[in-house]
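Which chain is which? They are A, B, C and D, in the order written, and residues in each are numbered from 1.
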């Protein structure tokens, strides 16, 4: 995998993409997700009504991969139904675990497919997964996240 | 299965100038090339500290570590997160004693052991008993070496909170009635700790089918390297147990005055793991699976039948426990009348035959059998009919060499 | 010392398609052929359960076990019966915490640690503190990473009963003033536990000259296999300590309800030992001795000097601790401004360079330094000037690749 | 080493040699030595006066090597001075440890030299040493022996 290309094309832009870095007015869910071992720390805010994710945003700090992954996720889920979001979630987990490799199947994930190569970097998987993990817990109505605890990376 | 001898380089060394007849497999086993090569390959290709590096080599080490865990889990029919790697069965038992026993037992409770337990499944419970006030209750085998239903009824009571037993005793070689024990444990609300150190080299141990709460074994008795052991624990039990060894890798977060701990199984794996040993253990399991467990069982049954017949035919030999091959796995312990076991072992050794003599880390059983020590012969997958013949023939001469008529 | 690279097979694997530049030696080291061969030869020629067989093969295994102990003892300038084999430094520290700390400390006593301790030399003392009521007192380094005399004066008092410190921190790489600490410990009547995990790969540790009471290290950081660690303890201290792990081999005699324990060091070695690991450790020590410790020190000093110069020349880099090579052994930790350490490590990795990023099992130090994590580069005997050049050059590109002007 | 020859020539006879199996009248020292791990158990009785071992005997059980070694030791020390006995002791330890191999030097040990080969059988050293160890403690005035504890053989 050409890691530099990955960093170059996707992550750098996205990690600085500011359009998703904001609080959400009248949020229906606010959840902080933390990777204690590496300090990635994001707070995801969602506004869900009628089963549709009307608005989403985040604040927080962390490595480029965690921040980019969060921003790209928000781009993807905003305006989608909760069902669709959960479907993306499973696709994303499948991709990151290396279980789903078929590009056609992954196509709906849009530019998030650029994170596919992370499946070969087990040490960084947690960074990419944090946002999605937090989303999953938020959609499940959790008010406190367990984070992706995995000891020391 | 004769052909597999070539897989074990050590079998061609000399013992006292004679071809080695290795019959001390219950102490430790020889390692097949598949194991030696797997370990060497790990160190030549993938060696790094698992879970610590974000780099590719570190990922390979982490994968070697977690793949090995998966292979061990599959072998026991457990899931990976129920498998804790330790250095040996002894540490696994200490971990349970400390993190479960000391934590959850109290005065008035009873811990049930068999008097045939290995010291490693006995001394840790003495400590638990001393610290918690729980009482140690012993199961005594009948004169054939079996634990009877009456004995189980008598000793496993509503006070029993924990039962720690070897599936196969390292001296008697007899399989205990584990189903009966687990059934009684369930009624009593007790947990069952199964010491598989001597059973797992000879049979498939399915922890789910047996429904035991904990199971332990050592790699080195299963054709794997030394320095690697396994603890299986039911997930819900492990989840509620505090850590045993503490330090790097097993933490959640650490502050100056307090810490939180990682999820299981990592909570119980403190410090840098023996990944080389884990890889060796996984290779040993794969090797045994590829031989086929039915083949292994049949082969070992033949050896056992032959050896028991040979031994019962020699006069002046006392065999400890039921001498019928159906009940036996791996080991036979005996004594030659009027000859000290160490002298027997030394004389066999002069013919290249390695057996063990002593109390075999089971002094309470020795006391119970009213002997001080005994000789133990134990078989592995690579032993042959010829090995047994040579052993029996050499044994026939022992009393003569010691100056007795026969 | 370039020629020795051929002794280490793993150094020729590829990392992300590039030649591997292994700079995570503080996590674990690569193994020379001398070590791999010694272990393999042990398993091919001498493998048996030590102390258990009266036969010749068993005697060879026992000899391998005890000879290794002697080699480790000589290496530390200790006698053999002061050397306990464990699985890693973490277990050694737990053993001291349990069998000395919990046994001999009490409320009102103070345990002194540095805030730079590795979790393995910190979490066990939290447990001792919790159980005994002894207080944990932290030494804080000055802004160059040094422990000052004033700080020692302030924290090591008549209440101090135990001081546990790493001779070299795994993050700062700075050698602590161990002589000053031991002198104060003697006045206070405290024992000193020296964590040599990060010092012993880089210098001779003479426990008698240092006059420390306990010392620990891990084989895998000293070019030996994983799964083998060492505890040195002064004989009179070990003698009065109760056992930690219990089971086979560490007993005197066992009865149903009570046991007596063996003499040291065996009292602390429960269950079957990792003789293969011990033999590997002995081979590693012999290998290092044959290279010569002056050569090793000079070589590593050159690398350290070159790396520190290179790092200080790059803008936007923060080095943690004194950047003068004289005070440093093995490791340099740093951060690239505005770049997360994991991203730095991944980008270096894409050039084949393995460094570590994270909290390095030293979260309290991270808190103290007010950082969340950092990048660590660490050197071994096989690293070269070229390795350092490649590392520095790759690092220069990191900020650019992350989209920063420079 | 031809172990069978060792057993054959020396040990078997000596282990049954009854002439040293007796209690000592007016003994000045009686000491029990035990190898707990293998159960060798001997009680050594000495009568020492004017610095001379006037009489010695033993009772007990154990393996052929331990019993033979005890009997041969008693043959050797009876009638000798305490100094001489201590000298034998050091020679014996040296031989068993494999430190002293020169036959001329060992000659004074008489037929005990037949135990020399034990130095190559570390598992049996303890058996051969028990009697000598007990003798050493008895001559030092100990009234309780520590045995040669070495865990499990």
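Keep this in mind: a residue touches a chain if its C-beta (ideal position, glycine included) is under 8 Å from a C-beta of that chain, and two chains touch if they have at least 3 such contacts.
The UniProt protein names, listed by chain, are A, D = SUF system NifU family Fe-S cluster assembly protein; B, C = Cysteine desulfurase.
Computed from a prediction, not measured in an experiment: that's the story for all the values here.
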{"item": "Which of C-D and A-C has more C-beta contact pairs", "value": "A-C"}
{"item": "Rounded Å distance between subunit B (Cysteine desulfurase) and subunit C (Cysteine desulfurase), as computed from the means of their C-alpha atoms", "value": "31"}
{"item": "Separation of mean Cα positions, subunit D and subunit B (Cysteine desulfurase) [Å, integer]", "value": "38"}
{"item": "Distance between the centres, which are taken as Cα means, of subunit D and subunit C (Cysteine desulfurase), whole angstrom", "value": "46"}
{"item": "Interface hub residues of subunit A, defined as touching at least two other chains", "value": "121, 123-124, 152-153"}
{"item": "Contacts with 2+ other chains: residues of subunit C (Cysteine desulfurase)", "value": "16, 52-56, 58, 248-249, 251, 253, 342, 346, 349, 357-358, 361"}
{"item": "Contact graph of the chains (line, ring, star, complete, other)", "value": "other"}
{"item": "Full enumeration of touching chain pairs", "value": "A-B, A-C, B-C, B-D, C-D"}
{"item": "Interface residues, subunit C (Cysteine desulfurase) side, partner subunit D - complex", "value": "51-56, 58-59, 62-63, 248-253, 262-263, 266"}
{"item": "Subunit B (Cysteine desulfurase) to subunit C (Cysteine desulfurase) touching residues, read off their complex", "value": "9-10, 13, 15-16, 20, 22, 24, 27-28, 30-31, 36, 39-40, 43-45, 47-49, 52-58, 87-91, 93-94, 115, 118-124, 126-127, 129, 136, 138, 218, 220, 225-229, 245-249, 251, 253-259, 270-277, 342, 345-346, 349, 354-358, 361, 363-364, 367"}
{"item": "Parts of subunit A lying in touch with subunit C (Cysteine desulfurase), wherever the complex brings them together", "value": "1-4, 7-8, 12-13, 16, 37-39, 62-65, 121, 123-124, 127, 152-153"}
{"item": "Complex interface listing, subunit D residues touching subunit C (Cysteine desulfurase)", "value": "36, 120-124, 149-153"}
{"item": "Touch list for subunit C (Cysteine desulfurase) against partner subunit A, complex", "value": "16, 339-343, 346-347, 349-350, 357-361, 372-373, 401-403"}
